[in-house]
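You will see two complexes here that share chain A, one where it goes with chain B and one where it goes with chain C.
Here is the complex of A and B:
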């Protein structure tokens, strides 16, 4: 069952806030439509980057993510929740979160449960690394806030954890204020980040 | 903004003393209510059941020795 909440994104072109829907519990149709909108745009931008000689390490590192496959792989499980932000009839961001079986690794919180953010992405037209003028900002922040609220709802006090792609390390470290626990050899050497209850409160302030 | 809250149903649970103690201990260790512990347990159990129904097995691996032991599920 889907639950929708009102949120606001910043329309960068118009320079004003616009209403958007945060959807908890996306349907297959939601995800298929998002994929159908995102993929051609992303493919076109990758072609442009290739033809203009932009080195591969600057291409979006999550370009291979297939949200339809992620939906199919997790839809049966109670423990997974998929969120999306819809604005102007298009999905502006997606997030897949796990609500069971993951515990904090930070010394002060060790062993206590957290919400693990498996995947989080803004639509390709919202990424400054891809387009010169992204359409909406705040997509990532609202999804992180949704993960924190989910953690609070689950009695995890705002604790969340995630493995970051290198292009996003600084964003999780500086903008979100998460603790960087370093590279994790068990997950492709990606850096593992956690947010404590205190950091979650600070982020939501 | 809040993640949407879905409606919930209430049930009474009958546990032995040992089961209640295990639940109390987990609640204290995890710093969550007994309801939240059981919700976690249900989600993990459901995930294991779905995967085992697909023919997968559940293993524990020792962090240092890498020794694997299959967890037998009935």
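Here is the complex of A and C:
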């Protein structure tokens, strides 16, 4: 069953906050619509980037993600939760979180359970790396906050962990204040980040 | 899950988020498939490298306690075990409880002692199906205040499995 919370995103063009819905428990229809909205936009931008000679390492690293596949692979498991932020009839960001079996790697928290953010992405029109004027900000912060709240609900005290795509490393390290545990050779050498209960509390403050 | 965000928080975060792209997750979808409980015997541990972890034991105790409507201190008193150890069992999947504690909990809940010793990490799991069922159970259960129907079903199926073997 879906639960919706009223949130606000910042419309960067208009410079004002607009109402949005944070949805906990997306339906297959929600996810299919997001894919249908995101993919043509992304394809168009990739073509533009290719034709203007923008090197591939600057293209969005999650351009091949298919959220419907992720939904289908996880929908029957209680331990997976999918969140989305809907604004102006379009999905502005998606997140898939895992609530079982992942434990902290940080020495002070070692072995204690956490919520693992398996996938998180903003809609392509919200990415500064591919459009000159991204439409909305706050998508990432609200989804990370949702993961922290989920962790608190699970009695994990706000502990979360995730593997960042390289274009977002700085955001998790500097803006979210997460602990950078370095490249994880078992996961495509992506950097692994964790948030302790104290860091989570600071993030929500 | 309902969440409230204050206006002040949104304003502060919006300023911090302006110039950043945000994404997380593996590029390869196969990692997600590999982590799904139905497709691999040890799905969850796949993310935690070579740690010694027994999430099913803590989950089992947590769910069983909540099913019985007991607080942690009430169960500790009933089973005559230390409340701090019970707290650790439920919160820390790396914690290996004392055999006596496991015996006391098994006795209190009427569960098979040997299987409980295996699940808790005191004995090597000899039956591979127990390991698989344990991981599947841990992945299916959630730690919320009240047992959902699905959690209740997961708990009952797992206890039945333990009792039948």
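Things to note:
As a working rule, the second predicted complex is superposed on the first by the 205 of 205 C-alpha atoms of A that agree within 3 Å, B and C clash if a C-alpha of one lies under 4 Å from a C-alpha of the other, contacts with A are read in each partner's own complex, and residues count from 1 in each chain.
The definition used in the following text is that contacts are C-beta pairs under 8 Å (C-beta built on N, C-alpha and C of every residue); 3 or more make two chains touch, one makes a residue touch a chain.
The shown structure was predicted, so the numbers you read here are calculated from the model rather than taken from an experiment.
Once chain A is used to superpose the two complexes, chain B occupies space that clashes with chain C. Of the two partners, chain B and chain C, it is C that touches more residues of chain A. With both structures placed on the common chain, the touch criterion links A:202 to neither chain B nor chain C. Of the two partner chains, both chain B and chain C are touched by A:99. Of the two partner chains placed by the overlay, only chain C lies in contact with A:10; chain B stays clear of it.
Once chain A of one complex is fitted onto chain A of the other, the partner contacts of A:112 extend to both chain B and chain C. When both complexes are overlaid on chain A, the residue A:22 reaches chain B and chain C alike. Of the two partner chains placed by the overlay, chain B and chain C both lie in contact with A:79.
Of the two partner chains placed around the shared chain by superposition, chain B is the only one that A:1 touches, whereas chain C remains out of contact. On chain A, the patch touched by chain B and the patch touched by chain C overlap at residues 3, 5, 7, 22, 24, 76-79, 99-101, 111-113, 142, 145-146, 149-150, 153-156. On chain C, the positions that touch chain A within their shared complex are 1-5, 7, 9-10, 13-14, 16-29, 31-33, 35-38, 43-45, 47-49, 51, 53, 55, 59, 91-95, 135, 138-144, 148, 150-151, 154.
Chain contact summary for the complex, chain B toward chain A: residues 1-6, 29-33, 36, 39-40, 42-44, 46-47, 50. Across the complex, chain A meets chain B through its residues 1-7, 22, 24-25, 76-79, 81, 83, 99-101, 111-113, 142, 145-146, 149-150, 153-157. Across the complex, chain C is touched by residues 3, 5, 7-8, 10, 12, 17, 22, 24, 60-62, 64-66, 69-70, 73-74, 76-79, 93, 96, 98-103, 110-113, 116-122, 127-129, 137-146, 149-150, 153-156, 162-165, 167-168, 170-172, 175, 186-188, 190, 204-205 of chain A.
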